[in-house]
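What follows is subunit A paired twice: with subunit B in the first complex and subunit C in the second.
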Partner chain A sequence: MTPLLEVVNVDKSFGVKVVDAMSLQVNERDALGIVGPNGAGKTTLLNLIAGDLSCDRGSILIEGEDITRTSSDWRCRRGLARTAQIPRPFEGMTVFENVLVGAVFGAGVPMNEAQATPVAVEALERANLLAAANTRAGALPLLGRKRMELARALATRPKILLLDEIAGGLTEAEVLELVETIKAIGASGVTIVWIEHIVHALLAVVDRIMAMSFGTKIAEGDPAEVMASPEVQEVYLGVEPE
Partner chain B sequence: MSEHRVTRSDRQSRFGLATFAVLLAVLALLPWWDSDGSLRVPLVAILYYLALAQMWNLLAGFAGLVSIGQQMFVGIGVYTLLSFAEDFGVDPYLSVLLAGLVAAVLSLPVAALAFRLRGGYFAIGTWVIAEVFRLIALESGFLGGANVRTMTRASLGGYSVDTRNTVTYLLALGLAAGATAIVVLVLRSRLGLALRSIRDNAEGARGLGVSVTRAKLVVWVISAFWTGMTGAVILLHNPSTRAESAFSVLRWTALVVFIAIIGGVGSTTGPIIGVVIYWCVREFLEDAEEWRFIILGLIAAAMAVAAPRGVYGLLQKRWTVQFFPVRRRLVGPGVGAPAPPDEIRTPSQPPK
Partner chain C sequence: MEWLNAVVQGIMLGGLFALFATGLSIAFGVMRFVNLAHGDLAILGAFVAVSVTSGLSLNPFVSLVVVVPIMLAAGYAMQLGVFNFTISADPLPSILVTFGLGVVIQNALLETYSADSRGLDVGSIEVESITLTDAIAIGWIPLITLAAAVAVLLGLQAMLSRTSLGRAFRAVSDDPATARLMGINDRNLYAVAMGIAFATVAIAGVFLGIRQSFGPTDGPAQLLYAFEAVVIGGLGSVWGTLVGGLLLGIAHGLGGQFEVSFGYGSGPLLGHLVFLAVLATKPTGLLGRRDA
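Right after this comes the complex of A and B.
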């Protein structure tokens, strides 16, 4: 079976190599977690997959199709959605309008606004944000912004959802709420790739973990085993898996 | 999900729209009671400046394309009308439409060059390209070179002076009202959704599937088309021209930028306010065009520092008026209270 997403031998350097000969396969309906210390190259890897950065070497394939040279908007229309670590809200627009952008311009058949409205409403409902639909996005608190990132990405009807530290900065109760939302998204058939420092949140959702350090893969496999492996314990010195 | 719907208008905006409809009707009927043209003729310049200001506002205020080269499309419009009507004998009013089409077609290679540049470089780039067009007009014998060129009676289609004045006035009114309508309709469409998202966060917009270049290109071509037709109407109003005035950066871009900045860039109402202020200054300094530029330039510079959202922005601080609503409001079960009206704001940073 062709993997849904394939990263083949990808390099990226900003003076120093940030992602080094990285290869990765994600099958349909997988939920992959990516962990690693700060500066390990996790966000850079995600930016390379989403098309916000271009690879120095190697290739990225979606359903066997090489998308290495395509733009981020093209990849979104191809079914690859992401949330950003630092949310990128359209502050002057309402929450509903923010999500509508994803619904109108996202993957699948092009939609007019009337067709896209129910899609946006459904995404708002799934992200628990419908009550705030007419709020100006710039007025949202952090949890609201994170939820809006999720709702906007969902509205694009993705095959793969890339989450970049979406639980970071939230309170414990908010993290648990978000975990339930993401679980439900996974259960609805969306493939998930999730970078997260909050390991217990990750463990509640993913069925595989890849650990990175200095741009390379140091372990990959069953979440509990990866987190318990000596390599990961070493780079995560002091952090204990739950 | 079908119980959710989107609304945009409220009582205020319906009142605003009705006001503009009445104003437009009065202006459209003007030729029938202003028989000697003493009101109409000076109004033409106000109206074509509104058309130019709205088109620049669409580019700079909504698409982040700060063009200092609008005079190229005015000049292209002027010389297209001259060529078709004067040299080929095409009906002058049909040639106005052709002027827009020629400007739109020529805007594509210009975009291929200028869209490689960002921010201030884009602004300078459009200016330089406009200069190239001016030099082409100046050097080409076919277009008349450095000579003054005049629309003759014959090329004006043999219409009487009175008919010509009325048609020119109505064309200018149509261009001004049409330019305003285009900005409102663009903003309310899918394209407007894309433009507003790009303006707030271009990377975020791309990440949601918005093709930034395509959205900007569509706006660029629309603006070139309308500015080109406006150039043709400017020549109908004042049938003598030469390359220096047809491609004047001062008249067709700088003054237009002043008007838009004074009124308020990034709002649909701003350029209307700006052009009214321009009218007042013009009445005040009837015979001193240079002083007009200087005074409007000084006001615009002061506004840019003290009130970057223009007069409209100042008014909005006091009253939340929104004449042309573009914001969508979701209505349906589970949806919270509506947000207060707040027309699209000007970004706090200069558009990139």
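Right after this comes the complex of A and C.
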């Protein structure tokens, strides 16, 4: 079976190598978690996949199709969506308008507003944000902004959803709420790649974890096994090997 | 009464300024693009109208049906082919490239049309007017110009606030990287914006040509007034552009009252002073956005 998303031997350097010979395969309906200490290159990897950054070497494929040289808006229409670590709403617009932009332009098929409106409403429902639809986006609290990032991404009807520390900065209760939302999104058939520091949130959703350090993969596999492995304990949790 | 008349005539002139400023405001509002060739593009639009009116023997007003689509297409192509390569956080490349484009347009017009002054003839309506009182009469041409400016700006505002295209413009203006993640092809959108900017400045150029005679090198002076109107009203604000144009027009009208003592430059002089006063006290313009 062709993997839905494939990262093949990708390098990215900003003077120092931030992503180094990274390879990764994600199959349809997978939920992959990515962990690693700050500066491990996780967000850079996500930016490379989403097309915000271009690879120095290697390639990125969706359903076997090489998309390494395509722009981020093209990749969005091709089925990739990402949320930003620090939410970036279009502040002057309402929440609904924000999501409508994604619905109209992100689907990959020309769509007028009448056709896009139900898509936007559904995305808001799935992100559990319908009640705030007419709020000005700039006025949302943090959890609302995170949910709006989710809703906007869902409105583009992605095959793969890339989440960048979406639980970061939330209270414990908010994290649990958001985990339920993300679980439901995964269950609806969307493939998830999720970078997160809050491990218990990640463990509640993902079925595989990849651990990164200094731009390279140090472990990948069953979440519990990866988190318990000596390599991860050492670099990620700061436990010295005995 | 004489003063009131000066204000009324100033408002009419302000309509033309607002029309000039619209395209500049669009390009800056959507993609922070400063177009120094804007005045020359207005003159180019007027010369295209000269060719269309003589070639197809059309009334200059009717020629807009041909001139506007030509300039729209030119703006679209210019953005895709040239301007998009200058867009970055640094405004200098766009300023240099459009400065060069202005020089190219002026010289191309000189080669094609010679240095003679031209005018666009719309017949007797040019001198007809509506008499309000003994002291105040409004010319039809200035009135039509003002109406056109208001119509263009109203249409623009409706497009920006109600349509998907307008929402996409607001999205890329706010945050182009995030807009791309929503599937918006920003480069193509910039081309659409520049097409609209060229189209509106072509309308302004044709109205200028109907109002007064013009030559190939008249662009920079028009650019100056357009800039002043945009800065007075506020960068990137549709209503600001209208307010800025009208205020600048009123300043020209009132300043004109001092012609006897200060000479013919007194109108533009007061306009420049109003511009300076706004720039000094409220640099974001009267209705400007804080981030602009």
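We take it that the second predicted complex is superposed on the first by the 236 of 242 C-alpha atoms of A that agree within 3 Å, B and C clash if a C-alpha of one lies under 4 Å from a C-alpha of the other, contacts with A are read in each partner's own complex, and residues count from 1 in each chain.
Note that in this section a contact is a pair of C-beta atoms (placed from the backbone, for glycine too) under 8 Å apart; a residue touches a chain by one contact, two chains touch by 3 or more.
For clarity, every value in this text was computed on a predicted model and none was experimentally measured.
Aligning the two structures on subunit A places subunit B and subunit C in a clash. In the superposed pair of complexes, A:Glu125 makes contact with subunit B only, with no contact to subunit C. In the superposition on chain A, A:Asp52 makes contact with both subunit B and subunit C. Legend: residue contacts after superposition of the two complexes on their common chain; A:Gln25 is shown touching neither subunit B nor subunit C.
When the two complexes are superposed, the chain touching more residues of subunit A, out of subunit B and subunit C, is B.
Of the two partner chains placed by the overlay, subunit B and subunit C both lie in contact with A:Ala84.
By the document's definition of touching, both partners, subunit B and subunit C, reach A:Leu100. Of the two partner chains placed by the overlay, neither subunit B nor subunit C lies in contact with A:Gln233. In the superposition on chain A, contact of A:Cys76 is made with both subunit B and subunit C. Using the contact criterion defined above for the overlaid structures, shared-chain residue A:Asn112 touches subunit B and also reaches subunit C.
The single stretch of subunit B with clashing C-alpha atoms against subunit C, selected from 22-30, 220-228 or 328-336, is 220-228. Judged by the document's definition of touching, subunit A residues 50, 52, 71-74, 76-77, 81-82, 84, 88, 90-93, 97, 100-102, 104-107, 112-113, 152, 156 lie at the interface with subunit B and also at the interface with subunit C.
On subunit A, the positions that touch subunit C within their shared complex are 50-52, 71-74, 76-77, 81-82, 84, 88, 90-93, 97, 100-102, 104-108, 112-113, 116, 152, 156. Against subunit A, in their complex, subunit C makes its touches with residues 163-164, 167-168, 170-171, 174-175, 177-186.
Per the touch definition, subunit B reaches subunit A in the complex via residues 1-2, 4-6, 190, 193-194, 196-197, 199-201, 203-212, 327-330, 332, 334-339, 342, 344-345, 347. By the touch criterion stated above, subunit A contacts subunit B in their complex at residues 50, 52, 71-74, 76-77, 81-82, 84, 88-94, 96-98, 100-102, 104-107, 112-113, 117-118, 121-122, 125, 130-136, 152-153, 155-156.
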